[in-house]
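We call the chains A, B, C and D, going by the order they appear; numbering starts again at 1 in every chain.
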Amino acid sequence: MKLFEITAQPLSLDEVARRVVRPDCGAVATFAGVVRGTTATQEGVRGTDFLNYEAYTEMAEALLARIAAEIQGRWPKVVAVSIVHRVGRLEIGESSVVIAVAAPHRGDGCFEACQYAIERLKAIVPIWKEENWADGQVWVEGPRQPELVSHLGVPGAL
Amino acid sequence: MKLFEITAQPLSLDEVARRVVRPDCGAVATFAGVVRGTTATQEGVRGTDFLNYEAYTEMAEALLARIAAEIQGRWPKVVAVSIVHRVGRLEIGESSVVIAVAAPHRGDGCFEACQYAIERLKAIVPIWKEENWADGQVWVEGPRQPELVSHLGVPGAL
Amino acid sequence: MQIRVRLFATLRQQAGWAQQLLDVPAGTTLDGALAAIDSAYPSLAIGRRTFYAAVNQEYAQGEQLLREGDEVALFPPVSGGGAVAE
Amino acid sequence: MQIRVRLFATLRQQAGWAQQLLDVPAGTTLDGALAAIDSAYPSLAIGRRTFYAAVNQEYAQGEQLLREGDEVALFPPVSGGGAVAE
């Protein structure tokens, strides 16, 4: 059972939680990122039809494992971390990502680690989403990450 | 569908998460309290066979609703909270409590609210557990809560 | 007047019952009811242990006045939530 | 020597392909490969947009030396995780 996975299958909190629970664990914190149908903006409520997610699978799974290693360094009492991200077409209300963190006690960092995992995922893991409406679609680009070297295509112009 | 429930049925993170997700929610944080089979103590590893949970159901459900109201006051962007606690005999690895908090964005307090809910539940909600080993059993008493008036049975001896 | 007394967890187990009706004088406070419970059910030993009391599903102070039909619950410090010794 | 170039998301869509083999001189750096990609596939317009580059699934700096068979991936700022504009 993989702890870090890019998959086209629907995600389940229970299934991902089962990947991390061990007999010495009394606490599991999870996070699900869900496809919103409506988003409140300054210009009013915006609707979404569905999303398409694409991943650089090999690199994404390696970076998910790295995030878990970072968590083990920061919260050493955490027993296990699993991060599963879905790709392909996702409808409103479906989960795009599920994170589960298990620890012996609720004060052992499972909440903090779970929050850390989603922040890091959104910053460094090569996954992209394309938003679709009735009349069009656009690839969503996240903010630039100062910690990562970005390129402008012209040698030397980093 | 009740948001605050004491039940004898097995708990599911997915099922409780479905109680809180609305079309404007993009983030769901959950917590599961799980029956540990082994507990590390200063005297070594201690084993548990199973737990029995008992609740003062009417009062417990009312207090779970009050905890959710406290959360709405502290994290007004939170859209919905559900807290479900199981009673009866629970085996190792089963969930005794599942909490789900939904919000439009992951920064809207869902992690903090989830952590707050389990802390408050353990402090004020009338539920008790009896730990069972091969050779005995004992009711677990939580710590005294300074915020609650305790009694000693003799009038005036509060 | 009559009140309903409910016990939970260790208290229920020690008493051997979960629910009893109890007659108390009109104008009895929670403290008065606790004293009546103590003499009616000495095996509960509520004078020698810490517990919480609720009236009609609300944590209650000793001076609270009771009314006909009130539900008075006595229980030990709560321990719901997660694992043992969590 | 030959390297494998992979594109994702907008870059893949703009180019109309996801993966190509590209011949570059031995001793080429990532920057050198980016320049070669820019002239071989001008429709990508990588000189006019911000993107990230990875060599063998690791974020890479422009001066990194490439080897035969290396996989060079170009992609826009990532946007995985939750909902739109989360």
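The rule is short, and it goes like this: a residue touches a chain if its C-beta (ideal position, glycine included) is under 8 Å from a C-beta of that chain, and two chains touch if they have at least 3 such contacts.
Just so it is clear, the structure is predicted and the values come from calculations on it, not from any experiment.
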> Using direct touches as single steps, what is the fewest number of steps from chain B over to chain D?
Replying inline: 1
> So which chain is the furthest away from chain A, centre to centre on CA atoms?
Replying inline: C
>> Contact counts by the stated rule: is the higher one at B-C or A-C?
In response: B-C
> Distance from the CA centroid of chain A to that of chain D, rounded to the nearest Å?
Replying inline: 23
> What whole-number Å value describes the gap between the mean CA coordinates of chain A and chain C?
Replying inline: 49
> From the C-alpha centre of chain C to that of chain D, how far is it in Å?
Replying inline: 72
>> Quick check: what residues of chain B touch more than one other chain, meaning two or more?
In response: 26-27, 33-36, 39, 104, 106, 118
>> Can you pull out the residues of chain D that are in contact with at least two other chains?
In response: 81-84, 86
> Graph of touching chains, which shape: line, ring, star, complete, other?
Replying inline: other
> Pairs of chains that touch, anyone?
Replying inline: A-B, A-C, A-D, B-C, B-D
> Hey, which residues of chain A end up touching chain B in the complex?
Replying inline: 12-14, 17, 21, 23-40, 92-93, 95, 102, 104, 106, 110-111, 114-115, 118
>> Touching residues of chain D toward chain B in the complex: what are they?
In response: 81-84, 86
> Which residues, counting only chain A, touch chain C once they are in their complex?
Replying inline: 26-27, 104-106
>> Using the touch definition from the top, list the residues of chain D that touch chain A in their complex.
In response: 6, 8-10, 12-13, 29, 31-32, 34-35, 37-38, 44-54, 57-62, 73-86
>> Applying the document's contact rule, which stretches of chain B touch chain C when the two form their complex?
In response: 33-36, 39, 41, 48, 51, 53-56, 58-60, 62, 85, 96-97, 118, 121-131, 139-145, 148-156, 158
